[in-house]
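The first chain written gets the first letter, and so on, giving A, B, C and D; residue counts start at 1 in each chain.
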Amino acid sequence: MGSFKGHALPGSFFLVAGLWWTVKFSLWRATRRNKNMGSTRLASRSSQRRLEVIESAAALFFSLVGMLAEQFAAGGPRFRLYDAAGKHWELLMNWQHATMYLFFGLAAAASLVIHTTDAAPLALDRLVLAVAFFNEGFIFFYHLHGRSLLDVHVHQLLLYAVFGEALVAFLEVFHRGNVVLELLRCTLTLLQGSWFWQIGFVLYPPRGPEWDLDDHSNVMFVTMCFSWHLASAMLAVSALHWAVSCVVRSRLRRTPPMEMGLLKPRDQDPESEDEVL
Amino acid sequence: MGSFKGHALPGSFFLVAGLWWTVKFSLWRATRRNKNMGSTRLASRSSQRRLEVIESAAALFFSLVGMLAEQFAAGGPRFRLYDAAGKHWELLMNWQHATMYLFFGLAAAASLVIHTTDAAPLALDRLVLAVAFFNEGFIFFYHLHGRSLLDVHVHQLLLYAVFGEALVAFLEVFHRGNVVLELLRCTLTLLQGSWFWQIGFVLYPPRGPEWDLDDHSNVMFVTMCFSWHLASAMLAVSALHWAVSCVVRSRLRRTPPMEMGLLKPRDQDPESEDEVL
Amino acid sequence: MGSFKGHALPGSFFLVAGLWWTVKFSLWRATRRNKNMGSTRLASRSSQRRLEVIESAAALFFSLVGMLAEQFAAGGPRFRLYDAAGKHWELLMNWQHATMYLFFGLAAAASLVIHTTDAAPLALDRLVLAVAFFNEGFIFFYHLHGRSLLDVHVHQLLLYAVFGEALVAFLEVFHRGNVVLELLRCTLTLLQGSWFWQIGFVLYPPRGPEWDLDDHSNVMFVTMCFSWHLASAMLAVSALHWAVSCVVRSRLRRTPPMEMGLLKPRDQDPESEDEVL
Amino acid sequence: MGSFKGHALPGSFFLVAGLWWTVKFSLWRATRRNKNMGSTRLASRSSQRRLEVIESAAALFFSLVGMLAEQFAAGGPRFRLYDAAGKHWELLMNWQHATMYLFFGLAAAASLVIHTTDAAPLALDRLVLAVAFFNEGFIFFYHLHGRSLLDVHVHQLLLYAVFGEALVAFLEVFHRGNVVLELLRCTLTLLQGSWFWQIGFVLYPPRGPEWDLDDHSNVMFVTMCFSWHLASAMLAVSALHWAVSCVVRSRLRRTPPMEMGLLKPRDQDPESEDEVL
């Protein structure tokens, strides 16, 4: 994964995930707030569930693809872990990246089970997500031995986003549905995504001059640049949240709210059923 | 910003902010506690809102001024980031300070939107404040490379106040209106403000002898001095809180509370409306 | 304890404890969820109490055995702490391990008292457990002086599980009965157990070649290996939780739920009595 | 304060405080649990308040004495801070210790105001206590420059107790009256007290041979010794809690509970009044 593509790819995934989560949570908040205007059709509890299932299935699929790509793409270890002849480990980088995908796959699988059956407590989906992010940060943390100053620094900055996201997901176990935490998680996911791209541009500039990886003023610039990414992620989440809110409100105004009486009893039952741990 | 003025200026802002917040939160607590004496006129929910809007607008204005000053004041980078000819970054210090102002500006803008419209959840204003303080600490943290012992130490002590304040603001997301947390935040803001002045006096003494920046006994004195600033901030907040409480109570005693029956229904509606996340 | 057995033994204990806790908490959750199907017979509050008492007694017994084994097994210090003649401490390793057992013994004793009498607040059993795990991590943390790179690293990884478990147990003081936290504790206990075995295999390979304890690629492999242990522990807990749920549900279906009316009043009384702090 | 007495004195204060707090909280819990047996006479809300006031006054008095002793006892700085002639700080150690006392004095004064007037929110007494302990740890943390290995280590271990206690007191802001946290605070206070004595014995042995302050096996023993102090503190708190519970219960059994009907209304009013923040 030591390449521009190797950083752009996960970056893109996190960007898509961050945007999607922002839309999802904004939509749910908007419909919750406009309940008395008949919005329940747009996001009833059962359609929410369906959405979660689709999301989990997609995440599971991409995690599997990621794992297989790390193993079988040009130069992958093909599930060989130790070269007994040469007495060295086979391509530990690829194995470590595959391990990160594995945990996101586990989180997706757990979420799938939680939202299709009721065998597991609902809050578990946030816990497995927190564990997946923690594991990503954990592996990155021990990943940096013997690299150059700037290389270590850009990855350390990434850890702020990763461990921050693990913490937020863990807090959501206790404060499920707290929209502030949800939007913070979206922000940190976007930050992670755009920062992966930035790492790619810094360490493997596709064109233009190389960066001096041991220059301290580069370190100082990159630190500030991380703040800018954070500000951009905050602005992006705000804009998207605002746009979704407007769209939901305008669509609701055009539909007559008179069917509300019919919808309510149908909708309340699944909700209360669902909130039982 | 490596000058006495460069530390005294943000110090003064934080001092003003800390005093103002103490007055605001003390006022609100006093009126909440004296509700049955007709105090609702002094701080009804709508006047609270107006206050928040004015405060946010002022904070936004000063953040913009700060950013522009860092860019255009004598020797500023004037939005040039990289000197391609000389192959070095332009005045990273100024850019970093402008980035700090940017986040306080974002927090103020978010607070403005939250308190004028109801597009965003109320608790978000504390989260963006927490992010702004976190960003300040984050940039300071990576700001200290290659400085002398005492210089590093006084800035590290500042981080206790900054990160402490970020943490308190984050806790307020979940415990909004908890007066203990609010007063703690006021204390830490005052501490930050007075400590900025102290840093100015230590590193750029306006008159008198220079400090030996590598003497360990100076480090020990400065540590203790930070404790004294904390104690002073606590005393200042206590005194102000007590004064405001007394003023509110004495003013309420002089006004007949008979209009209470009229005020109550008008006042309860906005309150309950507002507390919906 | 510097031997393969010395790591396999505590590892086995933690594995058994992790599996047992998973069964216990899954059983209680399953019966709680199926209350309206007459499941209260399977896990009434009084039988829960009896289970806790038996568990605590067993833990107390094994802690005592562990302490005595560390003192009197071949080469133990036999309660001699300081060799005044040779001017050195006697076998500090054994004393340290005995101290770890002591805290688990204290936790078990406290749990025994809490569940047999009502002299102590219920939540205390989680606190003493948290203290026992904290103490284990605390002693390990200062245990690693002057060892080789890999030796230090495998023990540091263990600390993630140990301190993580201390934190989870402490959170349970405030969120008692939160099944997500309980399952996380089970997972971390299993992780600790299997990692003790792994440490044994790495540091004292019973057969096969020795590991190079100063090779950095071994460190990187071992880090990833810890993630795999975590994933395995998560899968094991999930499988066991699912199996227990299925068994409880199928057994309940075969029993007529008509006696429920009789059971309920008898069962509610102890429950409410118990929940008084 | 670099002497045996200088450590034994604060140690004794913390031991007394820890024992006293254990008795106080155990008494309150016992009376709360036995409310329906007429125990309200033993610990009504107003007598609780009186107790808090006396305790705060005593703490304030001893803090003042401590501060003055540090300043004026043989060789104290007598409020001279800087020796302009010799260009060095005067006796920073004494000043630092006086600063620690100052914060405990502030905490006591705040508690006094909180429990005699209702100007300040009730939870503030825990916050100022947390700040006092944090300040103690903060000053100790920067206190250890250039000392020998064992000297640094025994003071670092003290920080676990001090910062732990600061954290527990801060948590009590949100979980006031949680008996588990209260007993944990008592335990950590006792631990701190007995560890001060231990530091005195290690660094300034009143008789017998000196310790080798750079021997690593001494470090390992001392670490374990800290665990033993913790275990002893837990046992002491448990024993005292149990004894107080027994005494309260036996005294209540001898008094007829018939006056309960009279006491209840008088007692509930102050309680509800008090719990308003």
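Quick notes
In this text, a residue touches a chain if its C-beta (ideal position, glycine included) is under 8 Å from a C-beta of that chain, and two chains touch if they have at least 3 such contacts.
Every value quoted in this text rests on a predicted model; they were computed, and no experiment measured them.
Following the contact convention of this document, no chain is adjacent to both chain C and chain D. Here chain A and chain C face each other with different sets of residues for the most part; under half of the interface numbers are shared between them. For the two copies, chain B and chain D, the CA superposition rotation is 90 degrees, given to the nearest 5.
Between chain A and chain B, the centres computed from C-alpha atoms are 32 Å apart.
Chain centres here are Cα averages; for chain A and chain D they lie 45 Å apart. With touch defined as above, chain A holds no residue shared between interfaces to two or more other chains.
If you sketch which chains touch which, the chains form one closed loop in which each chain touches exactly two neighbours.
Across the whole structure, chains are in contact as follows: A-B, A-C, B-D, C-D. For chain B in complex with chain D, the residues that touch the partner chain are 29, 33, 160, 175, 178-181, 183-184, 216-221, 223-224, 227-228, 230-231, 234-235, 238, 241-242, 245. Residue ranges of chain A in contact with chain C, taken from their complex: 88-89, 92, 95-96, 99, 102-103, 106, 110, 119-121, 123-124, 127-128, 131, 135, 138-139, 142-143, 145-146, 173-174, 276-277.
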